[in-house]
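Letters A, B and C mark the chains as written, and numbering starts fresh at 1 in each.
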Amino acid sequence: MSFALLFEQLLNGLQFGVTLFLMAAGLTLVLGIMNFVNLAHGSLYMVGAYLALAAAQWTGSYLAGVALGLAGTLVVGMIVEVVALRALYDRDHLDQVLATFGLILFFNELVAILWGRAALFASVPSFLSGHIELFTGSSYPLYRAAIIAVGLFVAVLLWYVVTRTRLGMLIRAGATNRTMVAALGVNIRLLYTVVFGFGAALAGLAGLMAGPIYNVQPGMGELILIQVFVVIVIGGIGSIRGALIGSIIVGVVDTMGRAFLKPLLSTMISPTAGEAAGPALASILIYLLMAAVLTFRPQGLFPARGA
Amino acid sequence: MLEVKGLTKSFGALRACDGIDFEVKEGETHAVIGPNGAGKTTFISQLAGNLRPDAGSVRFAGTDITTLPAPKRARMGLARSFQITSVYPEFSALDNVALAVQARSGHSFRFWRKARGDPALVGPAEQVLEQVGLHHRKSILAANLAHGEQRQLEVAMALATEPRLLLLDEPMAGMGIEESQRMIELLSRLKQAKTIILVEHDMDAVFRLADRISVLVYGRVIATDVPEKIKMNEEVRRAYLGEQV
Amino acid sequence: MGRIVGWSIGLLLLIILPPLVLKLGQPFYLDLVRRIMILAIAAISLNLILGYGGLVSFGHAAYLGIGAYTVGIMGFYGITSGWLQWPVAIGASALVALAIGAVSIRTSGIYFIMITLAFTQMLYYLGISLEEYGGDDGMRLKAKSQFSGLIDLADPVAFYYLALALMLVSVFLVYRIVNSRFGMALRAAKSNDARTRAIGFSPYPYRLAAFVIAGAMCGLAGALYANHTNYITPGLMSWQQSGDIMFMVILGGMASTAGPVLGAFALLLLEDLLSGWTQHWQVILGPLLILSVIFFRRGLSGILYKPDA
């Protein structure tokens, strides 16, 4: 196990982490401000991946695909919000969970009808398909590095919007006291639609970037969604900072665990222990982490509402 | 019976309770009054165990209960009624009170026997309903009771736990004249046997029922005395009674 | 009165179903209804914590999986006696429910939903990663649970009546529990948490106990299910399966005795019907579910009867 390998996996963890962050940021905003449990957030991730892929094939240009994919996801998100979700804002969480569960079934099947159930292959665009030299001497896929860069850029952008703009101020106020913001005469409906659209776009971005790395198939959104839940529980609801730190932690722990737990157990205990327990433990590591955080800090590491 | 020393609670920059000293003697009816925003509900919530104070202590019958959670305080004999009606809307009035009786009857890990027909629960519940004058409405769902009747139910539930100390948070909130009179009569019957902390805006009730009155303004107790002295207290008149007609 | 009539008719129909469908040469319906009744047990158990307890647990299918895998794994190692398998299945489910519940029930609202979902997913991944027991593909049941000749689960009709009996027992058990002191305390905590604390109940132990009971009952359903399908996959523990069970409870009407049974029949018959029309039936079911949530609040039992208070 060399340092170069360790660092490479660390970067992979960071890349996974920013993908999680893009999803978590949108979801935590919607949860925190609108108090709305949206299970269909993963569907927007999936829609982003599929739309970008289809658009790229149709236009022949990767960047056109990205633009159309993002715009398309934004539109789909807003339509869903107006048509289906508005009726549910005043309902309890159970109703929201069930209704968005229905949405998941619908979207997964719709995608299967349009593009089939088999996983599609999304290729890395040629201008991003090279490698870069790391200071450790080994090379790292340019595409993954690009994802990290985009993710960090979005994080900075979000930080700027949330802390330095009026919209951000409304978002932060809404996250800590929704009724007060409404009482102050802010157009809550518009704010909700903007926040939801924003979150949808972020999810779509995550989806279209993830396409070439993971599989593009029906149900891809739910797999990552549940990991995003873990991020939010660890980081704290309503807090972008919590979403970022939670995402990095989960991304790194999961990736490093999958890469190194089996060899670690094999050398420290025995090869049979590594073989038997390694993969199993690696796959549930982040959930154990979540359980640990819950035991000692049930409100998460950086909750928006304070102690 | 209840001793509060230096109770302090802040919400960010707002000092809701600022070093409150307060005590209630056994058998006494001690009223707490003050203008809106004075911190009365924050104060009661800390006594009942719904909020944790930042500083200070609460002693109940000699025991320090400052950090004790609400259910434990209730089992020690400290019962509370809520300012905004907080009952079980989908259960009948009788069921509501029976639940309160059940709460003080040891643990409830009994899985088989029907709770509703149980005379050990129904008997005392009916008695309490009789006491507050709701017995004729015992089968009505709490959500379908009139507002005044719901306030009576609030008091009934607090009573049913056989408390040593009753914390009544604006029992007459939102009541008309007739209902208020009935409530005042009920409370005057109660005060003979119970120790009561009464938070109220209705001055008629306060002066008829209280043995002592504490006045809370901006999180501080500015006066504690018998009603006649409070009426004549300059500071109090300025801060509070001056606003009343 | 209406309730008794309803139950009697339903029971009668279920009892005469096997000889009827066999006479008509349609044994498929025997299997279908048996499957519905087994999953109804899972729905009945979820109704205890969801309908009566107010705990929105999106991870209930985990216990189906635990029950099923216990039977499968014990069978794998040659222990085929149902007298051993099924109690262990129930016990294992109860233990896992205790562990998950102890951590999760301290939270509430959105957190609780996400956490139960996450823990179920964890078990799902665990199931996939255990290669000896089939991993992703799942495992075959070597032999049905044996009950020393008392009942032969390979006989479809005998198994059907066992499932029916166990479903009725589950209904009855939950009925007694929710009307007992324990049940009243649980329901009070759902109805008004602050008031419940104010009179002296701490909701946590009651919720946890209910969670464990529900898990154990669902584990039994899992053991039955393994014998029904002869094949155990991690998919049994998926969140989609949890969502299905949840829908049965909602569709049938929460906090009602008949609700979960009605809901199970309604949902699974609907799925069966739709999948006969098109392989893409979920694209219809999804919006149907959304509409039912938006417009159809009290569920089927709310339409048939006045609510249990």
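Assume contacts are C-beta pairs under 8 Å (C-beta built on N, C-alpha and C of every residue); 3 or more make two chains touch, one makes a residue touch a chain.
Bear in mind the structure is a predicted one, so any value in this text is a computation, not a measurement.
Each step here moves to a touching chain, and the least such steps from chain A to chain C number 1.
Relative to chain C, the most remote chain by averaged C-alpha coordinates is B. Closest to the protein's overall CA centre, chain by chain, comes C. In whole angstrom, the spacing between the mean C-alpha positions of chain A and chain C is 31. Rounded to whole angstrom units, the spacing between the C-alpha centres of chain A and chain B is 48.
Measuring from the averaged C-alpha position of chain B to that of chain C gives a distance of 43 Å. Chain contacts: chain C has no residue touching two or more partner chains.
Of all residues in chain C, only 50, 56, 58, 103-104, 106-107, 109-111, 113-115, 117-119, 121-122, 125-126, 128-130, 239, 243, 246-247, 250, 280-283, 285-290, 293-294 touch chain A in the complex they form.
The residues of chain A lying in touch with chain C in their complex are 31, 35, 37, 84, 87-88, 91, 93-95, 97-99, 101-110, 112-113, 222, 226, 229-230, 232-233, 237, 279-280, 283-284, 287-288, 290-291, 294-295, 298.
Chain B contributes residues 48-50, 69-72, 74-75, 79-80, 82, 86-92, 95, 98-100, 102-104, 108-116, 118, 121, 141, 157, 160-161 to its touches with chain C in the complex. Residue ranges of chain C in contact with chain B, taken from their complex: 176-177, 179-185, 188, 191-192, 194-202, 205-206, 209, 309.
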